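What follows is a pair of complexes built around chain A, which joins chain B in one and chain C in the other.
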Partner chain A sequence: MTSFILRNVLKFVLLMLATSMVVFALVSVSPLDPVQMNVGQSAYLTMSPEKKAQLAEYWGTNAPLWERYGHWFGDVIRGDMGTSLRFNAPVADVIAGRFLNSLALMAAAWILSGILGFALGLVAAVKRGGIVDRIIKGYCLILAATPTFWLGLVFLIIFSVTLGWFPIGFSVPIGASAADVGFLDILRHLVLPATTLSVIGVANIALHTREKAIDTRESEFFRFAEARGASTWQAMRQHGLRNLLLPALTLQFAQVAELFGGSVLVEQVFSYPGLGSAAVTAGLGGDVALLAAIALISAALVFSGNLVANILYGVIDPRIRRRGFACAKKARKGAGDASS
Partner chain B sequence: MHPRRSDLPMTPNSPHPSEGASGVSGVSGVAHTSEAPGGIVGTLQKIPVLHRPRREHASNKTHTLLIFGAAALLLIAIVASGRAAGELALLTDFTQKNLGPGLEHWFGTDWMGRDMFLRTLAGLSLSVLVGLVAAGASALIALLLGTAAALGGRKLDTAITWLIDLMLGIPHIVLLVLISFALGKGFWGITIGVAVTHWPTLARVIRAEILQVKQAPYIEVARKLGRSRLSLALRHMLPFVFPQFLVGLVLLFPHAILHEAALTFLGFGLSPEAPAIGIILSESMSYLSAGYWWLAVFPGVALVATVLLFDLAGSSLRKLIDPHTSQE
Partner chain C sequence: MAAPHKQSPPTALSEHEKIAHSTSGMHHRHSHAESSEHTGGHHLLQVEHLSIGFTRYESQTGPSAQKTRVEVIRDMNLSVHRGELLAIVGASGAGKTLLANTLLGRFEPNAFVEGILWFDGQVQSQQTLARLRGRSIALVPQSVLALDPLMKVGRQVALRSSGRKAGLRSRGREAVATGEDSRARQQRQRSLFEHYGLGEEVAGLYPFELSGGMARRVLLCMALRDEPELIIADEPTPGLDLALAVQAMGDFREFADGGGSVLLITHDIELALRVADRVAVFQDGTVIEETAVADFASPDTLREPFSKALWHALPEHDFAVMPAEREAAMPDEALYDQATRAEAFSDRAARAEVGQGNSAHGEED
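Take a look at the complex of A and B:
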């Protein structure tokens, strides 16, 4: 167990190191002039060349890439992620508030899509070949082809503009002070974004569960249960669920990357103040420090999701535990293929 | 050379009329046995009346081929008409602004009186073009890296596998935002971005395929005959993975197109003058509360339809190419 933890910690550190290099290299080769981005267009035009040179010196934009990376990474390690230009506050503060918003959104969508997708997949497998199965399958295939942001727009049109059930955007009512915002307000603003995100997330898990459940139905122990007189549902409940639940959970954990990507789009559509919309603002406004920090956080989130998925693999399959890590590794590779 | 089993004439009392390719499930098994000459009468009599096929169907292979052809033709038609509509799509007519969908303007018009149907077509053709270039480049990267990982020895394999893990470790959208931030916005920024982010999954598939074929006897024989490694890869392994590659390429399109639209929607992709679906949809956001729903709904539906067409083309191509399912 200790070696498993150590191995994963090492993997995490290596991955974050590589990610930070890639991220830093990408934001640094941008054709945007950092000095110009930082002081703003109008101030830049009226600035004297000496002042520009002085600022460039001060921000170290003339230093070689490696040196700048070293400075930046050293600061990040010490917990100083720089100052966000767009929000005019330390990056850590900007992220702290939005991280919770995003987490609430993603957690809601994660749970909702997991339960819904699992149920749909199970129903489709039990009713295999029938009209219900075909409807569920068609629904999943269409969903897989649907852009998240467009579905968000359609939900906005239907539920906010036409029916007026939900507010058009933001996580709290506009103009209300933080003290007046009740839990219900937050919930009301969360419903549409979370629904959009989970409706999209259903497709993958439902199709996967359906395949697995069909395999289970064709297994010998399942046939035996049915031959003993159990109905399909009964047999599914007593013998199928156990086989299906953990793989589904694992897949759901391995899907954190997609969930985060979807949340970026959904937050933008619903003007929901989370990490995703902050990343977009940062990217469009040349806010390098914020963009890099959010990219790192998203990578950490994805890694944690995958890690949980790997551990669950060991839990599901006792063979993996018994035979040690060589097998676990193989299974993990299979999981990666399935989730991609 | 021994004659393969399926080359032998099939007799009615041969033990397994359709073993091998099909017979996975009972339902489809019925359809397959009808293809075995001689077996058909006996089988049909066993089926209850209600389960008998209502009429003779074209063979499943022809059917799949037709679906593939139709999907491909429709896509070509979309691109061609979109190209043709390019100029017309930008035509403004302020006497015709903000009209709902009707006979004259199928998808309605926007606040500048542009016909939304033409704009959508032009946007789709642009999206397909970006998808084509990006998916093509991405598939080539996947082929190169997948082959290199499988044939280049242990160290290279570890490095490439790790690179794949790294690429999959950052969410696609975030990576795309970073890349388009680095390269500047516009056609090339987004095309390169999509191209360098979409190869990992296909590279994994190709690596696995080549690792598998590496053990095949005919490769062993060719190696013993003194073929060079390059010639082995080009003459014996490439033809083996090519079908997978082709299918992977077609199935990359939907992802590429969706990510292009998403990125353009966020403001990182194509420039606002370009008639792109992402632009159309992000512009429509300002008019949602005014009740101009058609600005968002129809272009989106068209995008979904295009993506589904690519999906259909890709999955029918896979069915045809894969020997296990080519008769389904």
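Take a look at the complex of A and C:
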């Protein structure tokens, strides 16, 4: 157990180091001139070459890459992630506000796609070969082939513009003061973006669950449950769920990365003030400090998604729980074999 | 042999009852053991002229494709009496698992099933057999793989297993009854475990933590949970060492001695002869001879050449070649021949299944 924690802490530190180095190296080879970005376009044009050189000296833009990286990393360790140029505020403050918005959006989409996908996959497997199965399969394939931003636009046109059920964008009513914004307002603004985003995960999880459930239906323990007199649905409830939940949860946690990628697009379409739209703003506006911080945060998010999946294995699967984490890999392989 | 009935004539039951079952000797194409009883004037399970097979198309496509029937089991007769252990002995892959599934009302989707099945004096259909399964007729599966790997075995034994539709009709009463039922099932699980020498702690184990002998007894407890009249054991001994296999047979013997009936499906004639009351010899998709174990004492009391060949193939008879029977001169060869033919048969059946896109679980007996 201690070794499990130590190993993952080490992995996390290495991941953060690697991500920050790559981001830093990529930014340094980009054509952006740090001095120009910092003083602004118009000021830069009217500035004398001596002044520019002085500023470059002052900000250390001519220092070697590793030295600049060392400076930046040292500051980050102390909790100073720099100042965002585009938002004119400390990066930490910008991210704190937007992280909560993004978290709400992604959590809602994550839960929605998980439940919907799992249920659809289960129904399709039980009704395999029938009309219901074909409809669900077709629906999933169409969803998988639909661009997220396009679906977002369609939702906006139908539900916001034509029907007027939901607001056309943002996370709170336009013009309302923060004190007046209630929970219901926030929820109303969340519905469309979360629904759009959830569509990314549904097809994956439904098709995956369908395959696994069909495997389970043909497994010996499932057939024996039916031989004992259980109906297909009853056996699915008693034996299917516990054997299917684990692979589905793992997939769902592993999908956090895709979800984050999707949230960038969805937040743009719905003008939703989350990390995704901040990343776009930072990227287009040459806001290097903000971009680096968002890269770190998203890497941490994806890492924790995968970590939770790993830990869940230990909690749900008795073959790992009772044997200890030492042979987790072996038992996980066994879990795959047993359910297939 | 008489021509197979395609459906049950209405008078079949009364005619059946008229037969004087008390007489020993041959009737219904079988002879009796001393312990064979006819409680209620009939057999507990009777299979008459059963044929099971698959319809498939010939390899050429288009309108000229010919439908052909592949019969895995043909014109088979079998009777299980109350309180008796009947062993069906036959080569692997000869369709014995198909027979077990059919008796449990689990017909393959693209299979045809013809003949008459009686249980406790009643003619059965697929629907009525499905209602009996898990209650009056229970299956003892082959291996620990039949247990849910993620559920403690005590819970699996006590699991509610036949709540079909009844629960939907009367929700209110059902809710109360379920609580009592579940306590009764747990009680039953504890007493079964105690009877079979499984300690309290075994109930809290997962299948992967069981030893081979424990797993087998847990599977038996699962079959016995709802106090069945007939248990069908499908190859319960492969993978067990001799001591455990003998112990397993002892458990079945005990159930039969207590008044239950056992249909033991096996390829191990030695083991079958140790515990069974009667043995049905299964060859080429049908039962060629169904007789008391005592008749296996000498080849002279066996009627069929194949049964005699089986007798000679037993290790204690030194694999002797029988001079009198020319056609069964090489018993081993005869057995081998049978096995390969049967495998080819079930292979084709399995392919036919896959071709139809239906659930293709392989014939594994």
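Please note the rule applied: the second predicted complex is superposed on the first by the 313 of 340 C-alpha atoms of A that agree within 3 Å, B and C clash if a C-alpha of one lies under 4 Å from a C-alpha of the other, contacts with A are read in each partner's own complex, and residues count from 1 in each chain.
Please note the rule applied: a residue touches a chain if its C-beta (ideal position, glycine included) is under 8 Å from a C-beta of that chain, and two chains touch if they have at least 3 such contacts.
Not measured: the values here are computed from a predicted model.
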Open item on the list: Is A:R78 touching anything from chain B or chain C once the two structures are fitted on A? First, second, both or neither.
Closed with: neither
TODO: Check whether chain B or chain C contacts more residues of chain A in the superposed model.
DONE: B
Open item on the list: Under the stated touch criterion, which partner chain does A:G129 make contact with: chain B (first), chain C (second), both, or neither?
Closed with: both
TODO: May I ask you to decide whether A:G261 touches chain B, chain C, both, or neither, giving the answer as first, second, both or neither?
DONE: first
Open item on the list: According to the stated criteria, A:Q238 is in contact with first (chain B), second (chain C), both, or neither; which is it?
Closed with: second
- [ ] Figure out whether A:V29 sits in contact with chain B (first) or chain C (second), or with both, or with neither.
- [x] first
Task: Overlap of the chain B and chain C footprints on chain A, listed as residue numbers - done: 129
Open item on the list: Taking the touch rule as given, give the residues of chain A at its contact with chain C in the complex, in rising order.
Closed with: 129, 217-221, 223-231, 234, 238-239, 242-243, 316-319, 322, 334-335, 338
Open item on the list: For a test of understanding, state which residues of chain A touch chain B in their complex under the given definition.
Closed with: 15, 18-19, 22-23, 25-31, 129, 141-142, 144-150, 153-154, 156-157, 161-162, 168, 257-258, 260-261, 264-265, 268-269, 279-280, 283-284, 291, 294-295, 298-299, 302-303, 306, 336-337, 340
Open item on the list: With touch defined as at the start, can you tell me which chain C residues reach chain A in the complex?
Closed with: 104, 106, 133-135, 138-139, 141-143, 145-151, 159-165, 206, 208-209, 222, 226, 357, 359, 361
Open item on the list: Could you list, by residue number, the parts of chain B that touch chain A in their complex?
Closed with: 27, 165-166, 168-175, 177-184, 200-201, 204-205, 208, 254, 258, 261-262, 265-268, 281, 284-285, 288-289, 291, 293, 296-297, 300, 303-304, 307-308, 311
